[in-house]
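These notes open a run of structures that come right after.
Next come two complexes, and both contain chain A; in the first it sits with chain B, in the second with chain C.
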Partner chain A sequence: MHIPDGFLSLPVIISTTAVSASLLYPSIKKLDREIKPERIPLMGLSAAFVFTAQLLSFPVFGGTSVHLTGAVLISILLGPLSGFLITTSAVLLQAFLFQHGGLVTSGANVMNIAVIQSILGYYLFRVFPKRFYISGAFIASFSAVVVAAAVCAAELILSGTIPLKAGLIAMITSHLFAGLGEGFITVIILEMIRKLKPGLLHIKKI
Partner chain B sequence: MNRSSLIIILSIVFSTAIFSHGVDIVTINGGTGIEAKYDTGDPISHAEITVYSPGNYKEPFQSGVTDRNGRFLFSPDSEGEWKVVINDWTGHGGTTKIKVGPNLKIPAGKTEKPLGRGMKILSGISVILGITGILFYLMAVRERERGSDAHS
Partner chain C sequence: MRHSFWDHYSSLNSPVHNIPTGLKIIFALFLVILLTVLPGSYISFASLPILILLITMLIISKVPVANVIKRTLVILPLVLPVIVLNSIFMKAGLKHSLILSVRSFLSIFSLILLVSVTRFSDIMKTLSSWHFPRIMIMILSFMYRYFFLLTGEMEKMVRAVKMRSGGSRGFTLIRIYSQILAILFIKSYERAERVYHAMLMRGYDGNGGL
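So, the complex of A and B:
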């Protein structure tokens, strides 16, 4: 879902970059006010995790390949703002270091991966009561990926890069598999943390 | 004019119309193209390909799909920089330029080795941990200054 340069039209680039940029500045300010220095190493490790997770892709039915994002997992652990900033830095770093995702299209990629998955995915998870922690995490991760894929498809369709019907089908079906994978990995890691270091699940969510 | 003459004349007239749709197919060699893979190593098969000729990056010279091995070949008919765009309809793809020389000389294959995945992961993690370390240090300095301001 890392859209390369040249695949989006100018109006789509401008609107998605505006959305991402307008959320970035207030988030940084708020995080700066509320975060204690002790949190920084944990955030750095989470950023490394998200970065690595997004470089691992697996082939799916139809011959394409998709990859995990880890965005919702990090938001569940650290909070939506932290998740948003961590995922944004991972996405931007991938674009600048390895052209995994274009430079001009970074705004759209940040919107699809960081804004939709970290922020929306978190609040979707919060809809579920505490006793549905695991199933809520699964459903939130899965849905976040599929919604992000739909938005990504809309951006590509509006730019004329993919056809409406066939492109939408290709995007959504391939990301249904990615969503399932994301849901399983999120749940597995949360369960591991619960068994090995349950205190981590209770840190303040910022 | 009797009926048989009419039939003969009409047959001659219409047979020339049939001749104008004759087809000649010959095999050709040469051409250039691309092979595309995901960074897992899997080929980008059956993905949309568009080829643009030098000086006209608006109207496609050719479009098609990559084969099962992620390959697509075409025959450039002019020298200059040709543009090939691959799009797998799931938000992945890319653009590459092929320089065709005078006399339509095809360039040699690209031999530059891309960064392996392990190296990518290592360099990314290093950058992240480096930036994190700097941030941690700066925040700690700020906390300490705040602490000493409160005392004084």
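So, the complex of A and C:
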């Protein structure tokens, strides 16, 4: 899902960067106004957590592996704007340190991973009433991954990088699986946190 | 612990390392933008001079070339499926994918060069002086400092599980690994509290820089 440099055309880069930046700017302003100082280390450590969690590959059937994206999870725990900023930072650092993603494609990657997963995923989760906390988390993380994959495919198709039909099918089917994994992992983590330290489910959501 | 493994070479001393950080960032950005906007037919001409330029800088900087080449291979899992898809479903797919691969290979090369000759803290300082949002700089710096630590903790837990679980697989393994991540989040939260107290003790007032 991390698009490297060279895969996107200029119009796609400009429009996705515009979308990401126009959401990032007000979010940063709002967070700057509203958060208390102790929130900053928490966001930093949560970002490091997301980053680390993505390195753990879960061996699944047939020698393949999935890993957690953690965007929806962190939004559920800390709130959509915090989640958005944390995931954005993770995307940027990954592009920078590990070259997972690219420099000028960062805007597109932030849109696919941070905007769609952290923000839209979170509001999808909020649609479900409190009673369906767990199933809501599952459905939100699953759909976030699949929708993000579809948008990512659309960006690549618009750039003329991959063919329309085959590209869309390949991206979505391969991410159905990753989405299921994301859903299960998110749900188990939330259940475990509820059992061990239920207070963490009630951190102020911003 | 593998501290600074990824940008191990950034603290070497060479003429390239000593170029002002801002200039290096702008140069890398310029190269990547150039590689993005150049039409396909120009790429074949431009790629060789760019490659020679990058390798020359790499040699001057004393960063091992083999290490950088190895790190560029990270794009292979992304490039290969695209090449396969294109060759099957697109007319002139192979040529198209070759140009694509050259674009992304050279972009990644310039990015790795930038990371190998620039300290992370210098980049943060430069971005900060360019009025990059303070909160993002803070999050990025925290991430950079603590993810080595968290990775170490995670590896310890995974090793402990492997020793004790005796080859669980399938869904059990997914459950165990997810629980490791849950513990890791709880530990990160607790560490954040301790870090904040330590920062307060050293005079942090909520606006301090790095």
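Everything below uses one rule, namely that the second predicted complex is superposed on the first by the 193 of 206 C-alpha atoms of A that agree within 3 Å, B and C clash if a C-alpha of one lies under 4 Å from a C-alpha of the other, contacts with A are read in each partner's own complex, and residues count from 1 in each chain.
As a working rule, a residue touches a chain if its C-beta (ideal position, glycine included) is under 8 Å from a C-beta of that chain, and two chains touch if they have at least 3 such contacts.
Every value quoted in this text rests on a predicted model; they were computed, and no experiment measured them.
> Just from the overlay, do chain B and chain C fit on chain A, or is there a clash?
Overlaying the two structures gives a clash between chain B and chain C.
> With both structures placed on chain A, which of the two partners, chain B or chain C, ends up touching more residues of chain A?
C
> With the two structures laid over each other on chain A, which partner does A:Phe7 touch: chain B (first), chain C (second), both, or neither?
both
> Is A:Val104 touching the first partner chain B, the second partner chain C, both, or neither of them?
Only chain C is touched by A:Val104; chain B is not.
> First (chain B), second (chain C), both or neither: which does A:Pro37 touch?
In the superposed model, A:Pro37 contacts both chain B and chain C.
> When the two structures are overlaid on chain A, which partner does A:His175 contact: first (chain B), second (chain C), both, or neither?
A:His175 sits against chain B, while chain C stays out of touch.
> A:Val147 in the overlay: touching chain B, chain C, both, or neither? Say first, second, both or neither.
It touches nothing on chain B or chain C.
> Would you sort A:Ser89 into first (chain B), second (chain C), both or neither based on which partner it touches?
A:Ser89 contacts both chain B and chain C.
> Check the residue A:Leu196 against both partner chains and state whether it touches chain B (first), chain C (second), both, or neither.
It touches chain C, and chain B stays clear.
> In the superposed arrangement, which partner chain does A:Ser65 touch: chain B (first), chain C (second), both, or neither?
first
> Same chain A residues contacting chain B and chain C, which ones?
Looking at chain A, the two contact sets intersect at 2, 4-7, 37, 40-41, 43-45, 47-48, 51-52, 55, 58-59, 89-90, 93, 97-98, 100, 156, 161-162, 166-167, 170.
> Once bound in the complex, which stretches of chain A touch chain B?
Against chain B, the touching part of chain A is residues 1-7, 35, 37, 40-41, 43-45, 47-48, 51-52, 55, 57-59, 63-66, 89-90, 93-94, 97-98, 100, 149, 152-153, 156, 161-162, 166-167, 170-171, 174-175.
> Quick check on the complex: what are the chain A residues that touch chain C?
Touch list, chain A to chain C: 2, 4-10, 13, 28, 31-32, 36-38, 40-49, 51-53, 55-56, 58-61, 68, 77, 85-86, 88-90, 92-93, 95-100, 102-104, 156, 160-163, 165-167, 170, 181, 184-185, 188-189, 192-193, 196-197, 200.
> Would you pull the chain C residues touching chain A in the complex into a rising list?
Residues of chain C touching chain A: 6-7, 28-29, 32-33, 35-37, 71-72, 74-75, 78-79, 81-82, 85-86, 88-90, 93, 96, 100-108, 111-112, 115, 120, 123, 133-136, 138-147, 149-151, 154, 158, 169-170, 173-175, 177-186, 188-189, 191-193, 195-196, 199, 204-206.
> Which part of chain B faces chain A closely enough to touch in the complex?
The touching residues are 38-40, 42, 44-47, 85, 87-95, 115, 117, 120-121, 123-125, 127-129, 131-133, 135-136, 139-140, 143.
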